Every structure is written in structure tokens, then in C-alpha cells.
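Please find one structure pasted underneath; my questions will follow.
So that you can tell them apart, the chains are marked A, B, C, D and E in the order they are listed, and the count of residues begins at 1 in each.
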Amino acid sequence: MSSVPLSAYLALGLILFCIGLYGALTKRNIIIVLISIELMLNAANINLVAFSKFGVMPSITGQIFALFVMAVAAAEVAVGVAILIALYRNRNTVNIDEVNTLKH
Amino acid sequence: MDLETLLSFKWSIMTPEFIILGVITLLSLLDLFMAKSVNRKLLGWLGLAGILGALISLLSLMGNGPETILYDTFRLDSFAIAFKLLLLIGAALVFLIAISYEPKEGLNEYRGEFYYLFLAALLGAMMMSSSGDLITLFIGLELLSISSYILAGIRKKHSGSNESAMKYVVNGGISTSITIFGMSYVYGLTGTTNLLDMARHVITLADSQHIYLLGLAFFMIFVGLSFKVATAPFHMWAPDVYQGAPTPVTAFLSVVSKTAGFILIVRILMVIFYNIPTEGLGSMPLLIKVQDYIAFLAAATMIIGNVVALRQKNIKRLFAYSSIAQAGYLLVVVASMSAFLFDTLWFYLGAYLFMNLGAFAIIQLITQKTGSEDIAEFAGLYRKAPILAIAMAVFILSLAGIPGTAGFIGKLNIFMGALVVEPAHYVLVSIMIATTVVSYFYYFGVMVQMFFRPAANDEVKFKLPAGLGVVIGVCVFATILFGVAPNIALDFLQGNFNQFSDFFQ
Amino acid sequence: MNFAYLSILVFSPLLGIIALLFVPKAKESVIKTVGFLATLPALVLSLMAYFQYRSGSSLERLDEMVNWIQFGNPNRLGELFSIKYELGVDGFSLIMLVLTAILSTLAAIASMYIKKEWKGYFMLFLLLEVGMLGVFAAENLILFFIFFEITLIPTFFLIGKWGYFEKEKAAFSFLIYNGLGSAVLLIVIMVLFARTGTSNIEALTSILAADSSSLVLSEGGKMGLLIAMLIAFGVKLPIFPLHSWMVRVHVQASPSVVMLHAGILLKIGAYGIIRFGMGIFPEQFQDLAVLIAVLGVVNLLYGAFLALVQTDFKMVLAYSSISHMGIVLIGLGALNEAGIQGAIFQVVSHGLIAALLFFLVGVFYERLQTSNIPNLGGLAKGMPITAGFLLAGAMASLGMPGMSGFVSEFMAFLGLFREMPVLAAVGALGIILTAVYLLRAVLGITYGKAHREFAGITDLRKAEWVPALVLLGIIVLIGVYPSVLTEPLTSTLETIMLGIGG
Amino acid sequence: MENAWIIPLFPLLSFLFLIFFGKRLKEASAYIGILLSLASFVYSLLVLFERFTSPTHKAESVWLTIGDVQLTAGFEVNQLNALMLVIVSLVSFLVHTYSKGYMHGDERFHVYYAYLGLFTFAMLGLVLSPNLLQTYIFWELVGLGSFLLIGFYFYKEEAKKAAKKAFIMTRIGDVGLLIGMILLFWQVGSFEYDEIFAAVEAGAVSSTMITLTAILIFIGAVGKSGQFPLHTWLPDAMEGPTPVSALIHAATMVAAGVYLVASLFPLFTASETALMTVAIIGAFTAIFAASIGLVQKDIKRVLAYSTVSQLGYMMLALGSAGYVAGVFHLMTHAFFKALLFLAAGSVIHAVHTQDIEKMGGLWKKLRVTGPLFLIGTLAISGVPLFSGFFSKDEILIAAWAHGNTVLFWLAVIAAFFTAFYMFRLFFMVFSGESRSDMKHVKESPSVMTVPMMVLAILAVVAGYVNTPWFGTFLGDWLTEGNPALGHGHIEGPSWIMIVATVVSLLGIFLAWLIYSKRSLSRDWLGASTLYTILYNKYYIDELYELTVLKVTKGLSLILRFIETFIVEGIVKGVSGAVSGLGHLGSRFQSGQIQRYGAVAFVGLAILIVVFAVTGGYLK
Amino acid sequence: MTLSGEFFAFISLALVAVVGGVLLLNLTKVVHMVLALVFTFVSIAGIFILLSAEFLAAVQILIYSGAITIIMLFGIMLTRHDDTKEPKTGLLRKLLLFLGILGFAFAFYIGIYNLDFGEVSTTLHENNTEQIGIALYSKYIIPFELTSVLLLAALVGAIVLSKNDQEKEAKKE
């Protein structure tokens, strides 16, 4: 049957998750941060879909779950960008480090 | 599935959700079609009526056994009812605060949205409390989160509000990713998203690798969700977001959203992870094994929340840290995993709801009046408005856990739960108590301002809006009532929810 | 005596609070009268209970019990994990109730020196009285704790708002120390409650007494709880080195508040140690007896030495309180009848004496605006009666026979000399030092050359006579006829001794 | 006799009445005081006469219950008590009377009488006490009375200091008494004298314990009776009104120490060490105080040191097993010393100074006081036929008989000193030139002189109740039925009496040579170091100042240091640490979004790694 | 693991995805980063196809490569997109973060490197879309409907927040 084992997919998911995470936590541009978060969600999707095929009880559920995650991700991005735009209007910056007036 | 099957389900158990959904629709349509000149506060009262309607319908649903629709994607067990009760009461009070919210630059244009986004968030929270399916829970969580992101940023001309929303959305996104990543493993190792099926599956688990992965998944889910309840290590966003967000939103985040987070944590933890054996059938559950980690996080949360609060000058920030600390106390409940877990959690969340919302109502009143969020604005409150000052004192005393208030009974519950188990969590309890004493410093700091310090200007007269008046009144009453006669609540719990025995059915 | 006698007694000051709600803020004399009157029901009721007890009626008839809080499922757990509203008294607590009621009434009179916001003051004052009365009437640890904490908040405000220059600091100091103390106490109580499912003192005593095989609590656990309890009450008492808050409070709070604070609140610590520490953990207490006695001696001498170099009379009294509380510990450490009885006597006696002395401080502070010894002197010239009372108070405090201080001191030492003669001998030094510092201070104030004109300064006013005379009267009464205390205490002591096995 | 307990109540009544209502009575207060003390005296006298015929009476009732132990209070009338009752009430009555004249015009007249009442009450109570505890109680109360009266002139700094000193010094002794008494209690199980004696006799108490408790109790006596080294308060106590000095610091209270030792005599005799201690301290104090008395210039101080010295005599007597001698001297001393003080008071009343250097030639002006003073002086000097002669002689014999040769000679020297300084005093005050500034010297009113006369008579005749010539009536009576107290009369070599007479006459002669006839230079000692040392009372006060006081003060300061820097320091440290932690935490909250996420993730990673490593899943 | 077409497909898709991710981290221009990520998203779609999730693959391309990327680009254009400077992040934080990620990845890796539940033949690839549709509209109707509320909320929110109403206010003044 399949020549690519489950673990390979999971490893890919893990790697992408880590990349996304690193990006989300180090990148300065808020847009990139948001995109990185999307990448993390996508990595989770890979897991879900992979489990859907190779899991304990293969079923369509995993794919459905992934679908919902995508919908959520889309909504989140939309809101994120909208907030960014509102912020940009007031602050004129997209640099995440400059968004630090609330502190201590 | 045809329509007939669809209609054969007992949709009536979803009445509260439908009511909220209906009101959301109604409000959005009304907002769209109503003339600009019409005061949108009307919508607020409408929304409040919706919440109260949902509350009534929820109460009427009480006392039945667990009912489920569509393979547990909706599930109404006593746990759900009990906690939804809190969510609805909290939301109703928040709504009252929101109706009286008058920020400087005006909110009139978005007031309609403001209200129904609250309702959307509430709907998400309600779904989080009454579903037995991971997907539904996740969607509920996201509905709550995304609505909250928008709410936090709804004062879009206010740079603090923007920043707060930005911080919220970025950190929320990360937390979502972490949670979903953990969930994907849980799904993968059980092959289902139905919590009870998962429980049935994992209970026979013997492969240590699977258990290990589930352990990792546990941590991811737990840390991801700790964002929602603002506990360590995912607590740092809270002060900034609370400070920047509009006060009603802060109140909402600190009470309703937090409650929902705990509901979700408890449900996932208790159903899935409590049933995972560590070494084959019948051995110690995984949850017990990681108990110490939770306890550690609880301790860290309490310490951070209470200690950093000492330095705060901004009242909203102060309450943010205070609510971190309170979340730490609640985490102690989770960490102790006693037989009293549900009762304790429910009672404390209830008490917390009243005392914190009451406090926020007063905070909103004062910050709005003076235009500053500095604690010093509370100076001389006793002179200017003695009743307000005494009400605030009641809330603060309750938060500090002084007898005679609901907060004390709640803490008593927590201590008992933590000590009644074997081995007892002496260290955790000690830390909790020690940090409580630390909290006296800042809580009583506010008291000192209100009662001891002279007011900067005695001119300011407080006009108490009806909404806030009701909130404060209800909260003072409830805080004292449940402090003096807690059995009203506890008997209610015992009498109507049958020890949450249907939780695992 | 019948239904809810104790409840009415304990909560009667609430009536005053309610009445005060309807009195306009500015009506000073009305407020003061109402505040004073509100302390009377408790006084009358407690005295009635005392005399009825003396005339042979049993105290058990006063017991009250109502279900209050039930944790968990009552069907499954039954009586376990239920907290009842249980009030009841034995001889010891009855005495403390009477003491509280008396001192509250007198302190209400002494509150005439309050200069501002009388309404708030008296409301808090009465709330404090409720807490204090409740502490002594509670038959149940959790209820005890609740009342214990209720005393905390009004005291915080009373110190912080109506005190002297550094009042806020003192209030915070008070709050944090006592907060910590009560936190530790809460742990102890909750551990006991969680382990045994009950917080009733008697039930706990019998459960732990029957627990010889350490099923409920390990030996170490019991010891730990006792030590924690000692720390908790040690803050209140205060035991060296947990005392610094108390000095501040004594100096900064207004005299009427200090009367209650020194008179009653500190005594809660001793009451707790005797009632709970000794009552619930008698065996462990025996192991700690030496430590307690040593602490007692340390307290006694430490307080005395420090009192010796203070220039503020209030500081002298504050350290003298520390020193005198050492005698309580000495008596407890002796762990025999004489010692324990001495300790209880000292609790009552010091309550009265401290109240008297602080009241007098209030009297002359009100007139002279200072309590600094070098600034005073020759008070006997201008205010001979005040000076006389002051001297009498000092005599009582330093253990002059014929006054209550002697009886308690004597019994405490009598007890300790039996068990640890050498330690007791060291402690006896404290008796000398007490005389030294008290005379130094009191004579410094009353005797010697007057540093000021006393023209226009009146001696004791009529209303001021009452507290001074009543307190001194009781002090002398106990000193001359100690049976007023010993007889009610007999059964309490027997119970304690039974637990200790002596 | 069954109602002997009423005796102390009269003065108590006087005290209570005067303290509450005295203000209105003003000087009429005196009548109340005098009347009530007279009542006491009369009653005491009745009791004494009754005691001659009937046995010891004792009545008690429970005072304090401690578990199974019941402490009692009551009264006992035995020989010693009865005798003391009379002495005390008599002197008290006389002083009450005398004071009416002496204190005339004082604005706190009634307070004075109230205090006198309080003191008399306490003293009579002390005398009647049947047990140690009660003794202790009244022991303290007499101290209180003494304290109040010494400090009567409270506005004088010296009076304040003296009062304080008196209280504290005696308290030091009292603590010894307290300890001794409590230790004894736990040995015997009772405070009752008879039970203690019974236990001691039965050997129920170990001998070390007897010695220890006896010495501790003796410390109490040392404090009260102004024995070395706790004597320094007594001379200072002369700051009080002079009648008070007569009553308290000569006749009664200071004798209480002697009385205490006498009461507990069987205990002391059970321990040779204890007896020896008493004797040595007594003898040493006798000569030590006498030597100081040689050079003092204050009339009352001279008398005070003489009191100390005489008390030493009494102690020596008791320490030499001379129970009768001690008590006998106590009695005679009470009379002649009270007389001397009252006479001195009369002098002071007349000349308004206490400095004997400023006096002189008063013999002619004070025609009553002078002779009375002389009688007293003769009595104290041990001139034959006066009371002092017999009692002192008794003491010397007791010392000799007991084998304390060294102490005996010390006592003899002290007797010489006594005679010398007393006559020095007499001559300086009464003989020689009258000073120019003493024109308006007037004899005291009869209310003052009559009491002195009574005392003078007693000072002469009191000795005859116990003489080797006319029978030892007193001794026989005192020791009757109580062999533990020793014999009523100790036989001694007759040369002792001669020696005593010779030394006292020698002393008088020397004093006459120097101070009256002035054939020897007055300044024979004036500039010498010895004089300075003596004048400064061997620098004992300074020594105490340097040692005890400094050490105490130093300890206090050290503890204050600990208080501020360690006790408070730790608290500050902890609160500082918490606050610092808060500061750190709040700084860490930098506002940077990603830091928050990073913290969360790193936290997660740590949890996971720890879980992986410790979970036991890695194979 | 046999060398098959599927294997090669996986390897190449995975490589593209990872490279895309790494480029995201290392490129300097924002637009480039977004484009790099498009590659990743597309290859993930490919992975989905390998996993018999054709419908998801299509959705992936539509949503991620299409919608989300476009939104991002809009976002970039609406804001200041020439901002390329990357101020130095705290090295310590990067290091800590890196260590954290390393530990995290390692912990997971040892859990999954040989995870295998055994092959069960699935019918996922047959009528994939229909299966999804049926499940979505029957079993998962509640979350599905809830998602619609979620999207509505996001829509409203996005409009409210990004609507530019400054001119209007300017007019008022």
C-alpha cells in the first residue's frame, strides 16, 4: 500500500509547526507573524489528515476537522489583518516591536 | 440524513443557544436597517433580554438526564447546565456594564456590533461548555476567541485598544495553533473526536509510546488553553490586553472567557486524560501523573499574579494581575483533582464572577468619570460616594478572601479540595495562602485610597447609571449572600446536578 | 436562657450598626451614645451568663447548632465535611466573653477622643466587637476562623484611619502579619477539616485522641500542625520574633482601639493556643513544652529589656505587653495546673491592665498631646487622679499583690518552677525588670519636676472615671478574690489536664 | 484572738476612706488615721495579753484553688506575731499622731494619712500571715507603702529616684524570696509555716534544698532589711517624710526581713550553711554600715546607716542561732530607733535642714527634743541600763556562744562605731555654738513630743523584759513550746557584757572628745582617702551604676539593635524581596507581543522536555 | 519504505514545503516571504492529495494560496510595505526560543519516529468530497452552523475594524 509511513507525515507537520512557531515569535512584521501562525495551523492540519488516513481508526473525521481548522484560520487572518489596519491607522507601523505601549 | 431524521433530534435542549443565535441575527439585522439616529442602546437592552431569556430556558432544562444530539456534538449534561448558568449570568452582568459604557471618543457607530459580538462570544462560550465533540468544542473556542479579538479592538481610534487587540490576536493565534496541534495527536491516537469514545478507547491503552504522545498532547492542549484562562505560562498577554480593551470587554475576558476556558480544560482533562492509564489497564491515570505539573503552573501563576500586581498603578492592570492570580487559585482546584472538583470550581467561578464584575462595574464608572485609570483616582471615594466605596470594599474583600464574602467560602472549598486528597497538596495550599496574604497589599492599597486618602477634588459627583447600579447591587448582594449562606448555592448544586454523575455518560 | 442566647449576644452590636445607619454623619454625640449603648446588650447578656453559671446552671444549655455549609453530597458524606454554625461556651470562653464585653463597653466610652468620622468609626468598632465575641463563642474551628478574620478588617481600618502619624504603615503591618498568621491558621484548620471531615473542636479532640495509631494524621503531621498553630497564634500573641507589628499598632492606633487590641485581640492568640493547641494536640504540646517555656522566658526578658530603653510611654507599654505575654507562655510551657491557670489568669489580667493603661495614655495624650516620657513629668501635680490611676495600673502590671497581675504571674511561675526551675529562675529576672521599666516610665511621667504648666488642664472627667474605676476595680477584685476566675475555669482546666494526662 | 484579723482592717479602712473622701476632710483626715490606728493598737494589745494565756491560734480559708492544691489565706497568732502586732501598731499609732504635727500644712495631707494606713495595714497583715504566700503578698504591699511614702514629695527628683530605687532594690530581694518560697512549695506541697517546719523536721526535704531555699528566702530579707549588698536604698529612702522613716525605715518594715528569718527560723537552723550566711551577712553589714555612718553629714542618713547596722546585728543574732536575741533587739531597736527618727524629725521640723554641719547648740532651744534624743542615743549606743544594752549584749553572747569568734569581734567593733557616730551626731546637733541663722527655732508641738516621750520610756524600759539580771521573760515566752527556736536564754561569759559596756563608753568618750570638747581635731579624717571612701559609702552606688545598670542598659541596647536590624531587618528583607520580585516581573512584562508567546512556548517546551525525561517513556 | 512514485512525490513536496518555510524565516522582503509561503501552502495541498484528501487539497489551495495570501498582500499594501528593516531581536531570546523548539521537536520526534498503527485500507479517496459533505451536513451540522456564526462575526469584525471612516468625520467638522 503506501510507501510513505505515518511518521514521515507527522515529522513534516512537526517541522512546519516549528518553523511557523519560530517565525511567529521572531519576525518583526506583524503580517509575517500572522502568516506564520497560519503555517502552524497548517502543520496541525497535516497531522489531522495524516491521522485520518493512517490513524487508529481511519475515518473522514480528521479531514473534517482540518476543514474546520481552515475555516477558523481564514477568519482569524481576516480579523488579524483588520486589527492590523486599524492599528496602522493610529500608529503608522507594522513593526511588532513598536506595539509596546502597554507594559509593566 | 434527511430532514426527518434531522427533526427527530431533541433540538429543544439547545433552546438557550438558539435564543442567543436568534438575538444575534435580530440585532445584526436591526442594526443594519435601523435609522442612524436611533439610539443603539436599545439593542443592548434587547440583547440583555435575550440573555435573560436564554437563562430562563436553561433553568427550565434543568433536572433532566444527559441529553445529546448528533453523536455528542451537542451535549447537555448537568456539568454543561451548571456552568452555562454562570456564563449566562456573567454575560448578563457584562451586558449591563456594556450598556453603560461611554468611552470618550464615542462608540455609537459600532454599538450594535459591540452588542452582538458579545453575544457571539457568549454563544461560543456556551458551546464550549456543552459539547462532547472535540470539533465543536474547538469551534466554540474559536468563536469566543475571534469575537473577543474584535471586541478588544473595537475602540479603533484608541491606540491602546488597537494594541490590545493586536496582542490578543497574535497570542491567541499562537495558542490556538498549539492547542490544535495537541488535539490533532489526540485525534490521531484515538481515531475519533468524540470525547466519550476517546475515553473508551484510551482506557485500554497499553502502548507506552501512545501514552507518551498523549502526554505531550496533554501539555500542548493544556498550555494552549491556559491562554484562555490566563495562567502561567500563557498569562503575559492578559495585563496588556485588559488594560487596553474597553472595560466591559475586560470584564468579559476576565470572567466569562475565563470561565469558558476552565470549562473546556476540565472537560477535556477529565474525560480524556483522566482515563488514560500510565502503564496499562487500571494503572494510575495520566492526569494524576501530570498533576504535579499543573500544580507547579498553578503555583507559578499565583505567585506571578500576586507579586507583580504589587507594582501596578493602573487599576485595570491591577485587576488583570489579580485575575491572573485568581485563575491560579482556580488552577489549584484542577490540580488537586479531588472529589469536590466540580463543586469547588463552580462555586469559586460563581463567586469570582460576582466579585470581579462588581469591581469592574465600579472601575468603569470611575475611570470613565475621571478619564484616568490611575489607582489614585479612587482617592477619597468614601467621601464622595460612600456606598460605591463600601461596595468596592466588599468586592475587594471578597477577592482577598475575607470571611463574610463569597470569595472566602470559595477559597475554603479550594483548600479543602486540595487537602482532602491523598497525598494532600500542602505546598500548593501554602503557596496559595501565602500569595493571598501578598495580595492583601495591593487589594488594601486600593482600600487605603478609597478610605484614607483625601480626594483630589471633591467636586466630582457620581451619577450612577441604572445598568451599573443593578450590576453593583446584584454583585454586592450575591457576594455577601454566598459568603454568609453559601449553602444556598451548594444545595442548589447538590440538589439539581446530582454530583455531575452524568459527566461520563 | 433559651433560644439563640449566644447568637444574640454575639451579634447584638450589629443592632448598633444598623441604628447608626440612620444617624446623620455630623451628629457626634448621638453617634457616640448609640455606639456606647450598642455595646451594652452583649455586656448584660454575658454578665448574666456568667452569674447564672456561677449560680450553678450548666453552660451546655447555651449551645447552639445549625447546619450551615455542606460540602459535597450530604447523602453520601453524611455529617462529614459539613460546617455547622455552632456556638457554645465553657468557663474559659465565658470569661473571655465577659472580658470582651466589658472592655468593649469601656473602649466605647474611651472613644470619646475620636475626632472625626464617628459614624464609620463606631460601625467598625461594633463590627470588631462582633468578631471578638464570636471568636470566643465559636465551637467550631472554621467558625472561629471566620470571626477571627472579621476582627482583622475593622481593626485595619480603625488603626489606619483613626490612628496617629504613621497609622497607615501600622495598619499594613498589622494586616500583613496577622494575615500571615491567619493564613497559617487557615492551613491548619483546613488540614484538620480535610482529614477528619469535621471542624468541631470537641469532635476533633476526640478523633485525634483516639488516633493513637496515626491513621488520621501522622505523628509528624500533628507536630507540624501544632507548630503551625503556634506560629499562627504566636503572631497574634505575639511571640518573639513575630512581634514588631504589634509595637507599631500600639503606638499608632488611637487609645480606644489599643484598649481592645491589647485587651482582647492579643488574647485571642493565647486563647487559641490553650483551646486548640493544647486541647487538640495535647501529646505534641507536651513535647513542645520546653520550647514554649523558653520562648516565654525570651519574650519576657526581651520585652522587658526593650521596654527599658523606650522613651515613648506607648512603646514601653507595647514592649511590656510582649513581656507579659511571655508569662502566658511560661505558664503554658509549665503544662501543669498552676501554669495553665496562671496563663489564663494572665490573659485576663493583662487584658484589663493593658486596657487601663492605654486608656490613661489616652486621657493624658488628649490633654498634653504627647506620650513621650522626657516631655512629661510631674503629672501628679496637674492631674493627680490620672497619675494615681497610672501608678495603680503600673503596680498591677508589675505584679503587685492584691491585683490581678500578681496572681497570674505567681501561678505561672509556680507552675514553671515545678517543671523547669532553672529556666524559671532566669525568667524571674523579668519580674525585677518589669518593675524597673514600669517605674522608670510611670515615675518619669507622674513624678519629678513638671516640665509644663498644667493650667487649664482638667483631671479626669466624669465619663473618664468610669473606665478607670471599673478596670481597676476588676483588677483588684481578681487580685483579692481570684475565685471569680478559678471557679468558672475548673472544668476547662480539668478537660485540658485530662488531655495532657496530668 | 479569733478576731485578730480585724486588726489590719482598721488601717485598711483608714486608707480606703481617706483615698476616696480624704480630700474633703483635709487635715481632719489625721483624726481618722489616728483613731483607727489606735483601734489597731488596742486590739493588738488585747491579743498580746490573750496570747500570754492561750495557745497559738490559727484560722484559714481557701483563697486560690489550683487543681487539687488549695492555697489558703488566714491569720495566725503566735508569740512572735503577737509581739510584732503590738510593736507595729504601737509605733504606727505614735507616728500617726506625731505626723499630725509634722505634716501640718501639707496640701496632700490626706494622701499621706491614706498611705500610712495602707502601710500599716500591710505590715499588720504581714505579721499575721500564717503562710509564706500570704507573707509574700503583704511583704510586697509593705514595699508598696514604703515606695509611696518615700516618693511622697513626688515633685522632688531625689524623692522620685529614692522611691524607685527602694522599690527595685527590694524587689530584687523579693524575687529571691519568691523563688525560694516556690521551690519550698514544690518540696513540701504547702506554703504553711507549720507544714514546712514539719516537713523539714521529718527530713522530707533534702539538705541542699533547705540550704538553697533558706538562702533564697534570706535574699528577700536582705532586700527588705537593707542588708549588704542590697542596702543602698535604705539611706536614700530618707527622702520621705521623717515620720515615715521612723515608722517604716526604722521600726517596722525594715525589720520585716528579720521577722521573716525569725518566722522561718526552724528552716534556717536546719542548714548550718544558711545560718552561717545569715550571720556573716549580718555581721558584715553591721560593721560596714556603721563605718559609713561615722562620716555622714545628713542627720537622717546617719540614722539610716545606723538602722542598717542594727539590722545587721539582728541578722547576726539570728545567724548565730540567737532567735531570742534577734527578736529582742528587733523590739528594742523599734522603739529607740523610732524615737531617734521622730526626734530627728522634730529637729528638722525646727531648723528646716538636715545637715548636721549646719546645726549645733540646739540643746537649749529644743528642751524636750534634746533629752529625748539623748535617751535614744544612749539606748542605741548600748549604755547600760538602757534597752539597747540588754539586747545588744544578748546578740554578742549569741554570736560568741555559736562560735563565731570573728563575727563576734566585728560586732564589738561595730558597737564601738555605733556609740561613736551616734554621739558624734548628738554632739554636733545639740552641743556647741548655736548657729546665727537658727534664731527662730521652736520646739515642736506636743502632738509631736508626746509620742516621742512614749517611745523614750519604752526605749528605756523595754530592755527589762529580757535581762540576765531580772529574768529572761521574753525569751522564755517566745520559745515556749517550740524547741526548734532554741533556748530562751543563751548563757555567755560575763566578760562580754563588760566588753560591750567598755566599747560603747569608749565610743561616747571619743565622740565627746572630738565633737563636744574639740580636744581632738574634727578633721582627723577629713582629707584622707579613707574618709572619702566612707563618705561616699564605699562607692557602692557607683559600683552598681557601673556594673548592673550599665550591663542592663547595654543589654537593652543590644536587644534594641537586634530588634531594629535583625527582627525588623528580616521582615524588611522579605517584603523587599517580594516587592523586588514584583518589580522584576513587571519589568519583564516588556509589552512585546512575541516575548509573551515565547515565554508561553518555552514554558511548554520545558514542561514537555521534563515530562519526556522524567516520565519514563524514553527507552 | 519502498522507493515508489508516492515516496518521491512526498519527498519533493515535503522539501518544497520546508524550504518555503525556511525561506520565510530568512528572506528580508515581506512580499517575498509571503510568496515563499505560497509554495509551502501549495505543497501542503499536494501532501493532502497523497493522503487521499482531494477536497481538502482543493480547499487548501483556494483558501491559503488564494484567499489568505491575497488578504495578506492587501494588508501589506494597505500598510507600509517598504519596511524591510529587521531590527535585531534579543539574541538571548532567539537562542532560548531555538533551544525550546529543539527540545520540543526532539520530544515529539522520539514519540513519532516509529509511530505506526498498521495499514488499514480506507475508502477515503473514493468520493472524498461526497463523504465530507455527508459528514458535514449530518454529523457535524452543529459545528458547521457554528462556523457560519464565526465567519459572520469575523466578517463583521473585519469590516468594523478596517473601515476607514476618517473622511466622514472630517466632513462633519
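Things worth noting here:
The rule is short, and it goes like this: contacts are C-beta pairs under 8 Å (C-beta built on N, C-alpha and C of every residue); 3 or more make two chains touch, one makes a residue touch a chain.
Chain-to-protein mapping (UniProt): A = NADH-quinone oxidoreductase subunit K; B = NADH-quinone oxidoreductase subunit N; C = NADH:ubiquinone oxidoreductase subunit M; E = NADH-quinone oxidoreductase subunit J.
Values in this document were obtained by computation on a predicted structure and should not be read as measured data.
Between subunit B and subunit E, the least number of touching-chain steps is 1. In terms of the stated touch criterion, the partners common to subunit D and subunit E are A, B, listed by label. Contact counts per chain pair peak at A-E. If you average the Cα atoms of subunit B and of subunit C, the two centres end up 43 Å apart.
With centres taken as mean Cα positions, subunit D sits 37 Å from subunit C. The centroid of the Cα atoms in subunit A and the matching centroid in subunit B are 26 Å apart. Centroids built from CA atoms put subunit D at 95 Å from subunit A. Within subunit B, the positions touching two or more other chains are listed as 135, 138-139, 142, 146, 149-150, 153, 156, 165-167, 170, 174, 178, 209, 212, 216, 239-240, 311.
Shared interface positions of subunit C, i.e. residues touching 2 or more other chains, are given as 176.
Across the assembly, subunit A contributes 20-21, 24-26, 33-34, 45, 50, 55-58, 61, 64, 68, 72, 75-76, 79, 82-84, 86, 89, 96-97, 99-104 as residues in contact with two or more other chains.
Chain pairs that touch one another, listed by label: A-B, A-D, A-E, B-C, B-D, B-E, C-D, D-E.
Residues 107-108, 111-112, 114-115, 134, 137-143, 146-147, 149-150, 152-154, 156-157, 160-161, 165 of subunit E are the ones that touch subunit B when the two sit in their complex.
Residue ranges of subunit D in contact with subunit C, taken from their complex: 62-69, 133, 136-138, 140-141, 144, 151, 154-155, 157, 159-160, 163-164, 167-168, 171-172, 174-175, 178-179, 182-183, 185-186, 552-553, 555-557, 559-560, 563, 566-568, 570-571, 575.
On subunit C, the positions that touch subunit B within their shared complex are 67-74, 76, 81, 120, 142, 145-147, 149-150, 152-153, 156-157, 160-161, 168, 171-172, 175-176, 179-180, 183-184, 186-187, 190-191, 193-195. Interface residues of subunit E, counted against subunit D in their complex, comprise 89, 93, 96-97, 99-101, 103-104, 106-108, 110-111.
Considering their complex, residues 1-12, 14-16, 18-23, 25-29, 31-32, 34-36, 38-39, 42, 45-46, 49-50, 52-58, 60-61, 63-64, 66-68, 70-79, 81-86, 88-89, 92-95, 97 of subunit A touch subunit E.
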